[in-house]
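Letters A, B, C and D mark the chains as written, and numbering starts fresh at 1 in each.
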Amino acid sequence: MSFFDTHLLNVVIYLPLVFAALVLMLPASEHGQVRTITFVGMLLDLVFGVWAYFRFEPSGSEFQMEFRVPWFQQFGMSYHLGVDGLAVSLLLLTVFLGPLVVLASTTYIQHRIKEFHLALLVLQTTMLGALASMDVLLFYIFFEAMLIPMYLMVGVWGAEDRRMAAVKFFLYTLVGSLLMLVAIVAVYFISGPPGTRSFDYGQLYNNLLAANQQLAACANGPEGACASLTGLAATLHTYGPWMFAAFALAFAIKVPMWPVHTWLPDAHVQAPVAGSMILAGVMLKMGTYGFWRFAIPLFPVAAHAARPFLAVLAVIGIVYGALMCLAQRDIKKLIAYSSVSHLGYCMLGLLAVTGEGATGSAYQMLNHGISTGALFLLFGFLYERRHTRLMSDYGGIAKVMPVFTAAFVIITFSSVAVPGTNGFIGEFLVLMGTFKSSLPLGFGAFATLGVILGAAYMLWMVQKVFFGSITHRENQHLRDMNVREMLTTAPFIVLVAVMGLMPQPFLDRIAPSTDRYVARASVGAPGATQAKDDQLRVEVMSLPSTAAVARPSVPAAPLAARE
Amino acid sequence: MVPITYYLLLAAALFCMGMFGVLVRTNALVVFMCVELMLNAVNLTFLAFARMHGEGTGHVSAFFVIAVAAAEAAIGLAIVIAVFRSRGSVNVDDIRTMKH
Amino acid sequence: MNLPNITLAEFLPMLPAIIMVVAASVLLLSEVFLSATASRGYQAVLTVVAAVASGAVAVGLMFEPPREVFLGFGVLDPFSSFLTLVVSVGLGLAALSAVGFLRRRGAERGEFYALMLFASAGMSLLAMSSEFITIFVNIEVLSIATYALTAYLRRGTRPSEAGFKYFILGAFSSAILLYGTALLYGATGTTKLNDMAGPLQQALSTSPALVYVGAVLIAAGFAFKVAAVPFHMWTPDVYEGAPTPVTALMSAGVKAAAFASLVRVFITVGKGMDPKLPLMLFATLALLTMIAGNLMAIPQRNVKRMLAYSSIAHAGYLLLGVAALFVAAPGEHFRLLSASSLSGGTPLDVARSDALRGILYYLLAYTFSATGAFAMVSALERREDEEKGTAWDLERFAGLAQRRPGWAFAMAAFMLSLGGIPPTVGFMSKLLIFQAAIDVGLVGLTVVAVLSSAAGAYYYLRVVVYMFMHPIPEGAQPLERNWGTEAALVIATVAVVLLGILPGHVTDWLAQAGTLFGQ
Amino acid sequence: MDGITEFFRTAPIPPEVFSPSLGLIILLPLLGAFVCGVFGKWLGRANVHLVACSAIAGAFVLSLLAFWATSDAAGGRVVSMPNPFGIERDTIRYAIAHDYGTWFAAGDFRVNFGLLVDHLSGILLLIITGVGFLIHLYSTSYMEHDDGYWRFFAYLNLFVAAMLTLVMADNLVLLFVGWEGVGMASYLLIGFWYTDSAKAWAGRKAFVTNRIGDFAFLIATFLLILTVGAFNRQADARDFNAAGSSRARYEQGISQKGPVTFKGLEKLALALPEGTGGAVSLATPIESGPLSGYTFGGVMTSIMLLFLLGAAGKSAQLPLYVWLPDAMAGPTPVSALIHAATMVTAGVYLFCRMSALLVLSPTAMATIAIVGALTSLLAALIAFAQDDIKKVLAYSTVSQLGIMFMGVGMGVFWAAEMHLMTHAFFKACLFLGAGSVMHGNGDETDIKKLGGLWKEMKVTHATFLVSTLAITGIFPIMSGFFSKDAIFHGVHHNHLHGLEWVSTFVYVMGLLITAATAFYMSRVYLLTFTGKRSPEAKLAHAHESAWHMTLPLVILAFLAFITFTYALPLMPRTGGGTQPVFENFLSPVLRPAETVARVAETVHIDTSSPSLGDYAFAWMWALLGGGAAAFAYLKFFPSRVGQPVPVFARAVRRTAQNKFYVDELYEFILIRPVKFLAFILFRVVDALVIDTVLVRGTAYVTEKVGLGLRRIQTGDAQAYAAIMALAILGGAVYALVQVLS
């Protein structure tokens, strides 16, 4: 039982924080050192993250590398970490982006460098923490804390409208997640009599499971069959939809789904390259991840009821986002809206509740992180050179920046899901899952429209920026990518190819969580072949100490009360 | 002998007068006096009830209230003086530079 | 007639207050022998020492068995001891931030600290008192001291105006409180809370009007002290006019003590009377306070005033906790505040002690965050600007992150904590309150609270925006540092972050402190 | 003699040994692409040429071996392998395959890297690599002055790799990889000279138009997957028997190879017809799943129609043909390889590959035939009036593809496939000839400004002439004549069940097309090569191209001539009679389709071979067209130079020249509206309604309310007190009400 058997996740999560402390000690004038230390930290974190990824045993138990100690117990919380297939994959994505983000910012960020890297490291920790949290409140804490560094990143190092964008981003997200907080506490209370309650994901889910099954049984039964419910099932019947709504809203804003997406373009456009990369790469996934892990499994019946509605929103997101891109003049805005479209695929795959769909959705999360991350990265390079985001200010620069163009076009193909790139696998699986699902065929058909529009807007942008003759004199002497920039871009391109040609190793890790997700989500579906309990129940380690479950503190012995 | 209710009503009336005074009078000192009036109305109530229950707490309370009122008077007058020093008037309507 | 024999042990519970009073007297006396120019650095130190000492004693007392003291005029229970702790924390931090503040104005006098100490003594005693006259006297002790402190700076119109408003309205409200007391006394024939329960039962049948009106008047009296809408009107003006350290003390200590007394009184008085009344009373107050406080703070550019409004808003969240105390049985239905039977059957006493716990933790959290924030304000304001009214403008904070990163970080921590963003103590405390409220089923109110706090985040963030995202205004004078202020900032920041991440021990105490004598 | 046959019937490398290295055929060009693309700049021109050409050459050799292996019958034992979807005895003959394992699998779906070479794909392998090699060779000289040579060869290799993937894939998804891969490569190659934004736009147009097709392709694939699932649920033993399979084997096959493997789909097709009995037939409604309610037949029809749309995108048929003419913006070798010989024929290949499924749905077939016919005629008419030599050839390509579609649509798969091959030869030759002409005339493409080249560019002229004769069929002993005629003969005599009129209609169209083709091709030839050199010519004297360019021309011309032999009925037909070589050659691949057609009685396939009379009749039409052209351009127009052209003639000509304004039509009814919609949505819905009104609106209202509330704070202590008093009053009243009630 070595140190890493128990603490690997802790190491991965808090390593950036340790390095943040180191950076804090450096004098602010030592730019080089600050950057180096941060980079080294991220690199180390990548190493450990990869290790964790390979330690994860697809055929093993659902949650692995668990770590749990008592923390704030009177309140039903415990410090509980653990990752399943999806979480570990997203974790890999996060640590993968880390060092590249640092490299990407070396020339982009020119003032207040120390603060920037501090924010970067803290942000990394919060994101990793959110992914690995097995305690709902712990997740919430990381989920919220994540906002602060990102808010600063957008607001301090952003473009001209940064303050507006930062505040908008913060409040937009806050409103949703606060309502979710209420729902979390509420579900904690209904989850059982005092003594059996806990904010721990496993326990919470298992407490609700039986009731959910009853509820599903009656909800798909005759009209008014649910009136006879009692106890937890009855409470879920009345309040479940509301709680689900609260969860769904919080995560839908994060995804972002139409129509609560308008914070995204502003945030993306204003954020510095690092901000955009992380925002697109990891943060948006928190929304889909939340749906996958919390919103849908905890309230399968309500989720199933809301499914068509959400699916419609997702499809609207796909097509609408793509159409938005066609109307943009601003490259970053275009990429931002393309995110709306891509995340629409993720949501659709989730809501299809089929093995293919869910897998595709999970894979699409990774793809989007890579392709859109890379797009923002590359555009960042361009922005450093020209300081304009308007397509009309470019044109024909392929002549002067051939290598850059090649990289950009490759990523573009990945983003429009040309077979052989990673994008295709995800999109194909999602669409097939949608067709296979119980959703009407129209959903799939409309979603597939995105395939056309995607090509239309991305190539349009490439055309306007890179092809044709050079229209602006400023562009005539643009310098092509230097070694550092190539090194930053190369990993993305490699991954695009690798994940496109050999997706199976990645899919293998996602598969077990997919099956469980589908099983848990289809608890609410009518006539769905109900999986066995061992598929449904969440098996997690219990607290080492006996006081695993939170007992509300009962007042000390009856006092010298007179009456 | 006079029934207890009368005392109470009188006290209530005094209290309301005091209250009203606080709300309408413009001279800071008068306002202040109105507060004192309220306190004394309370005293009266205490005493009346003490009489009704026939035990001493009410009386004690009255004494305490008087003492406290004295203290308040001291600090209050000091403040009023300070106000007068700073703006040369004790008109309540003038004392409103800080608003919104 | 035989005098009650009071042993020395009876004084033990008062020890914190006694320490403060002694320190105050020492300061006053020493002041007599000092020349106008003598250095007065020791005064702040002495005050802080007294605060620490009393705080330590309070912690010790927290584990004493709950009991009556002084023939039932007061009680010693973890609840009161914890509040004493909170008060001494507030006192200490306020005193620390006062050092530089007074020095910059050349207004260092022993009286200032003495008055602070007296006020704090009053607060700590108020938390303990369980008899109406005692309560009244203590309220007056702390009020009179704060009246004086408010008007302490004699230059300029603002201090005297603030003092006047505070004094008139304070006296007005305490008269009302007193009248309520008198009515209750009339109804029950006693002023001791612990004796009241029995007589109250009959009184409710014989002369209910007295009881109810009395209760309402008392509630109004307290509502004034805790600055609950619509009894809050004085707050912004007074907070703005008072010397910033005093504002800190008021926002932290006075509020805490008042809440303590409020809870103690209504737990007893509320017993037996139709539970709907206190619930309705406090729920309505909470609702108004949360909404109005936050909304009015939004347009403020004057940070000090903004913090005043924010303190009103926080009173609202605390009142939410108080309202949770009075949900007699889950299942009552009101329109907005739907007390529905969400609760999976938490025993009511458990729920209640959870609520108390929440209130206490919230008070502690708020004390740290608010005093810290005010310390920051006091460090940035300059006397010259006061008449222009720009002394507390947001512009003061512009570019602070570049000028003093440490300060900016601290202020950001306070703001986030006040906004209730994890991982700060503000989040944890809000969580406890919301938890208590939801447990008894005040879901509707909680949602309102949550949304209003989202609105609140906006104005807290604006300060952060100015500190981090605005350039340094040209012609900005250098910010002189001061050990007191910086000490206050460090302590408060550490507390805010640590209590946010590891609420462990404090909540262990709270498990105790949630018990109220005779509850 | 026997020795020779024996030699040809024994593959140098035995199939089982060779099959694992099938992947190399794709890998070599891919490697070439990588090397040229990444290191090309440093390698230098010569090395790039070497790498690129040798990669293709290697692929060609391997394809040759693979092809050989598919016909291996050493010691009378025909090469064969077990059919994963069939019963144990069921084998696939004349084919070699290798499965490189899972590509990706999720849920109960999987896709394998499965490669399959049978006679159908074998032929295409040879065409792609062979013609591909010739064109690479040609390009080494054609692109000698271009700095982007390394990109060019990288793209070209990439294209070949993708195309090979397309034809060798043994399942739809892998085929789709090639399908989109060639689209991507063609996008890059059309926009090769990206500095001219018109060319780059043409590339984008091609890609997006193709994407419209792919959209349909994807949906069709998904529906097919659903159908397979439904079939699997509902079929009973008799169905599986009819397909020569068993439930166990079939499911095993699906779980091992995935649901969209062509062999599996064949089994599905074999099981579906009514004639087979069993629980599932075309008329059976699907019970459960998303498709529940529809019949298998109906679903199959819609799937095939969707595939038609997909194929129309790739093979430039109505309504998606518009991209091909613009695609001529690319370098000429590209037009020859991609937009004539290989990529554009992918649609035809797809339908031959899935012929068994196609024949299940007469409706779909009829649609395909009619679409083909209409496209073909339309393109031919447009070609009349084009003056750009490449444009003419482009439209002629569209037209020829239309002919192939007619063949596919009417069930003459072998003839369509054969025409695909011959067309690859003569059209490639024509394009390369055109390229050579341009090369020798300072990139002049306007045939009006050429002329009289027969003296200056002898080789080019000769080969061009041969190919022209081949495509037009004016001189009947030519591959083009035979393959085309084979199609028309089949079209004439095959009958779609319930849609008999189609064959007549399509046949008549075909005759017109023959004449039209003869006309415009002769026109091009005459104007370019005969007569006097045009005064507007860029160069006074054209020069013949280097051997790199002429050698491919010669070879292709020869092939264009010789391959007519394949159409001769020399082979014995099973059950008496003779059949054309090519039909016999493809029969192992197409047999399932014939079986299905026979059992399901959807298509009546006629196997008679055309008589001399038929040939004469077809020839007459060609002569007609050619004669008209000759008359017009040798006699008529030269005689009346200078005289005003009648108005109606000019109008007609202008319309034809502007391609009947189809592009403008699309622009108007499709592209503009979408762009407008996007703009409106962005400005109104996104910016105004959601962001401004809802989001900012909320913030605005909140702030305003705050401002309002703040007015209450008048600063007047007495007002404060008054409000407190009122509040207390209210509280007291409430309390009293509580008491009284």
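Note that in this section a contact is a pair of C-beta atoms (placed from the backbone, for glycine too) under 8 Å apart; a residue touches a chain by one contact, two chains touch by 3 or more.
Quick caveat, the model's predicted, so the values are computed rather than measured.
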Graph separation of chain A and chain B (steps between touching chains): 2
Of A-D and B-D, whichever chain pair has more C-beta contact pairs: A-D
Separation of mean Cα positions, chain D and chain A [Å, integer]: 39
Between chain B and chain D, centroid-to-centroid distance (C-alpha), Å: 98
Centre-of-Cα separation between chain C and chain B, whole angstrom: 26
Length of the line joining the C-alpha centres of chain C and chain D, rounded to whole Å: 78
Touching two or more other chains - residues of chain D: 699, 710, 713, 715, 717, 721
Residues of chain A whose C-beta touches two or more other chains: 171
Junction residues of chain C, two or more chains touched: 164-165, 168, 172, 176, 236-237, 458
Touch relationships between chains, expressed as pairs: A-C, A-D, B-C, B-D, C-D
Partner chain B, residues of chain C touching it in the complex: 132-133, 136-137, 140, 144, 147-148, 151, 154, 156-165, 167-168, 171-172, 175-176, 178-179, 181-183, 185-186, 189-191, 236-237, 240-241
Residues on chain C engaged by chain A in the complex (per definition of touch): 66-68, 77, 194-195, 197-198, 342-347, 349-351, 353-354, 357, 401-402, 405, 416, 421-423, 427-428, 431-432, 434-435, 438-439, 443, 446-447, 450-451, 453-454, 457-458, 461-462, 465, 468-469, 502-504, 507-508, 510-512, 514-515, 517-519
Parts of chain B lying in touch with chain D, wherever the complex brings them together: 19, 22-24, 31, 92-93, 95-100
Chain A-touching residues of chain D, taken from the complex the two chains share: 37, 102-109, 173, 176-177, 179-181, 184, 187, 191, 194-197, 200-201, 204, 207-208, 211-212, 214-215, 218-219, 222-223, 225-226, 229, 289-291, 674-675, 677-679, 681-683, 686, 690-691, 694-695, 699
Sites on chain A touched by chain C in the complex: 71-72, 74-75, 112, 115, 137, 140-141, 144-145, 147-148, 151-152, 155-156, 162-163, 166-167, 170-171, 174-175, 178-179, 181-182, 185-186, 188-194, 197, 232, 235, 239, 552-556, 559-563
